[in-house]
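Next, two complexes with subunit A in common: one pairs it with subunit B, the other with subunit C.
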Partner chain A sequence: MQITTFPHPAEEAIELKLTGRFDAHESEIFRIALTDALGNGNHHIRVNLANVEFVDSTALAELVRGMKRCREARGDLTLVSPSDPVRVILELTKLDAAFSIV
Partner chain B sequence: MTDSKLDSYRKWSTTPLVERPRYSVVIPAYNEEWRIVPTIGAIAMHMSSFDVPWELIVADDGSTDSTVELVEELDLVNLRLLLAEKNGGKGSAVRRGVLQARGDIVLFADADQSTPIEQFEALAAQLNDGYDVVVGSRAAEGADVANKSLSRKIFSSGLSFIVRGLFRIPVADTQCGFKMFTSDAAELLFRRQLVDEFSFDLEILYLAGKFDLKTCEVPVTWIDAPGSKVDAAKVAVEFLRDLCVIRWNDLRGRYDADNHPLINDPHYPQPKATQAA
Partner chain C sequence: MTSTDSPLESLTGALIEANDQLLALYELAKVSTSSLDVHASVGEILSRAKRLLDAESMLLFAEDGLILGEESDVASAGDRSIDDVRGGTTRTLTASTTASVQASNSSGLQATLIARRADRPFGTADHKLLSAVANMALGALHTSRLHQEAVDQAVVSRDHDTASELAVGALPKWRPDVPGFDLFARSDPARSAGGDLFTFAYVEEVLHFVVGDVSGKGLPAAMMMTNVISAAMAAFQTVGTSGPAAVVSAIDSWVYEYLSDAGLFVTLVGGSFDPASGVLRLANAGHSPVLFVRDGSADLVDASVPPIGVLPFEMLGEDALTESVYETTPGDRLIVSSDGFTEQENPSGEMLGDDEFARLICEDPGPTDDLGSRLFTMLERHADTAEQSDDRTLLILGVSATPKATDS
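Here is the complex of A and B:
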């Protein structure tokens, strides 16, 4: 999985654009990217999932953990444009109700 | 105007099939509470995108965790959950699932999505070209294998050598959990399957050769899923034992319909042609 980080132009947020399969093998690089973003004082994080074809349970847990970290820092974590399979997985796991999804 | 893929999925998940499915996907599951739901989501979304009738079968193998409850709660109308009173081995779960499948094409796929469902089309194309059995392969030229441990690489190489050299099974990767069958081939093979454990794949491929079914391998992308239940050393011993058992079964004629220990048992699943609609 590849992660590209850039400031979101319209909001005071950092966007992490993920590409590929987000599974247990990739959770650490996501955690590092999120830690870097938070460490730079950005507490509003957008995670773009448009180019992610699959998320496993470890990845979902990582996203929940990330959301908690952002909220503890008085920010938030928003999921952006999840691909169709990721959207379905979020629905089946009922996590679509837990996240802010745009 | 065609519906979006997401619309096709929503229709599949809420509208019961009224015709025979074109495709059946069988997932064997044993204590898969951590992995089963994302896998079902990925498979359901991809298979629905073809916009043809298809069914999903989860063949539980006596799970003691919450696998069954999680699958039941999904409430997907074209998902059938088959229960087992006790853990009988992966081979028994796949057999139950495949023998219940109604599709023209039957795929069984592991619950960990280690072979992504997006490989489905590559295998189906070979069935459409006249093959009876198509095997997803991590050893065929062009396969993309990620994160495979050294022990599993050694195990696979040794296995391949024995299987091809001594048992004349012309398949380099017998154990990949992603295999596709025509409905006739599935019926013929899985009704004769006697091995319930890990090496049932080998028996199925041995039988495919015995009954002259046209078989090929298709290279797949494969990502080793963490938490794999495969213990390479233990499995190697079981595998060698089962190789001998399969050969012995054949020599004794136990795969012939008249002499098969299960086919003539009235409690054994009946052929689909004799089942009520």
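Here is the complex of A and C:
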């Protein structure tokens, strides 16, 4: 999985754009990227999932953990444009009710 | 004559000296280092070397402060550092009666050998032999440490295996033998233990059950799994008669913070089946797939709330967790599996998939046990040489008889 980090132009947020499979093997690099983004003092994180072809339960747990970290810091973690396979999993697990999704 | 004899004597002396060194090395090589105790093995080498070199004391100082040698030498060194020992001997003896030799190996292990004589200095040949002694002692030290690491790893591995066995032991081995339904339940962890779970209880002639999947893998997930099972067993007994939504809510209230603090969640479906009335009730917190099969057609039983550990249920609203209720007839089946079943890849990287899983279930009207075993066999055939990527759990509840009449 590749992660590209950049400031979101329209909002005061950092966007992490993920590409590839997001599973247990990739959760560590996501955690590091998120920690780096939060370390800069910005607690509004956008995770772009448009190019993610698969997420497993470990990856979902990593997103939930990230969401809680952001909300504890009075920010939020927003899921952006989840791909069809990711959207299906979010709906099946009802996690779409827990995340902000745009 | 003296001038012509001198080179011959020198040559003879050198040959004798070289021969003595070879004999000394031979003697050292015979030292048995069969003991893996570092004090015994290095102590034996240094003890033999002391006698061969006619040394008064000989000590090996490892980098981590460990001092090795004969017991009396180590005792006399006490808590002194290598510099204290080296300096102390220099103060009381001439420098040439004290020899200090460094040794290192390809693994980066280093040590210093310090030997001293009471009466005569160490010569060049002695230094070569001391260097050989230092390297032999370092080799024994290295072997002993590798052995200790292997022992430590074996202890950790044994503890891990024991913990895994305890975790897996939390899954029930018995199956209810009650007229009106058949139950197949099996969980194969990807490692020695995993986060998938199922458990059930037959309370007041009603079957209560849960099937779940703790996020993550291995022993951490398994430890959380045992907590969820304990909570479920308590909930069956305390609030089971109120239905599966009450059971799942009770589990959430007991394990939410534990899961949340650990950064984990558990997808969980709770259910109850009353063989007398044939009513099946389900409450689903983020678990998939859950399929109700009737007449060869499968309906997906949707989750009404996210998995436990994501958000406290009270934040989702009082009635967020709803129940799906089915009036069953003979031949109906409930199929609950974990994602390790449907997401298992074949060697080409293709997952089994929800559709294929549903097709396999719907085309097989055979006995519940046969279907369960066949699904595991088919999954293994699909995986072929591909590694088991996640825990695999399957629970099948088959309605096997007409519900008993409750009124005459």
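The criterion applied here is as follows: the second predicted complex is superposed on the first by the 102 of 102 C-alpha atoms of A that agree within 3 Å, B and C clash if a C-alpha of one lies under 4 Å from a C-alpha of the other, contacts with A are read in each partner's own complex, and residues count from 1 in each chain.
Following the convention adopted for this analysis, a contact is a pair of C-beta atoms (placed from the backbone, for glycine too) under 8 Å apart; a residue touches a chain by one contact, two chains touch by 3 or more.
Quantities reported herein were computed from a predicted structural model and do not represent experimental measurements.
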{"item": "Fit-or-clash call for subunit B and subunit C when the two complexes are aligned on subunit A", "value": "clash"}
{"item": "Touched partner set for A:K68, first subunit B, second subunit C, both or neither", "value": "second"}
{"item": "Which superposed partner A:L95 touches (first subunit B, second subunit C, both, neither)", "value": "second"}
{"item": "Touching partner for A:R87 - first (subunit B), second (subunit C), both, neither", "value": "first"}
{"item": "Partner chain in contact with A:H25 - subunit B first, subunit C second, else both or neither", "value": "first"}
{"item": "Which superposed partner A:L60 touches (first subunit B, second subunit C, both, neither)", "value": "both"}
{"item": "Where subunit A meets both subunit C and subunit B, residue numbers", "value": "24, 56-58, 60, 89, 92-93"}
{"item": "Contacting residues of subunit C [partner subunit A, same complex]", "value": "213, 215-217, 260, 263-265, 267, 285-289, 302-307, 309-311, 316, 339, 343, 390"}
{"item": "Contacting residues of subunit A [partner subunit B, same complex]", "value": "21, 23-25, 53-58, 60, 84-85, 87-89, 91-93"}
{"item": "List of subunit A residues in touch with subunit C within their complex", "value": "24, 56-58, 60-61, 64-65, 68, 89, 92-95, 97-98"}
{"item": "In the complex, subunit B residues that touch subunit A", "value": "4-6, 9, 34-35, 37-38, 40-42, 44-46, 74, 113, 116, 118, 146-147, 223, 225-227"}
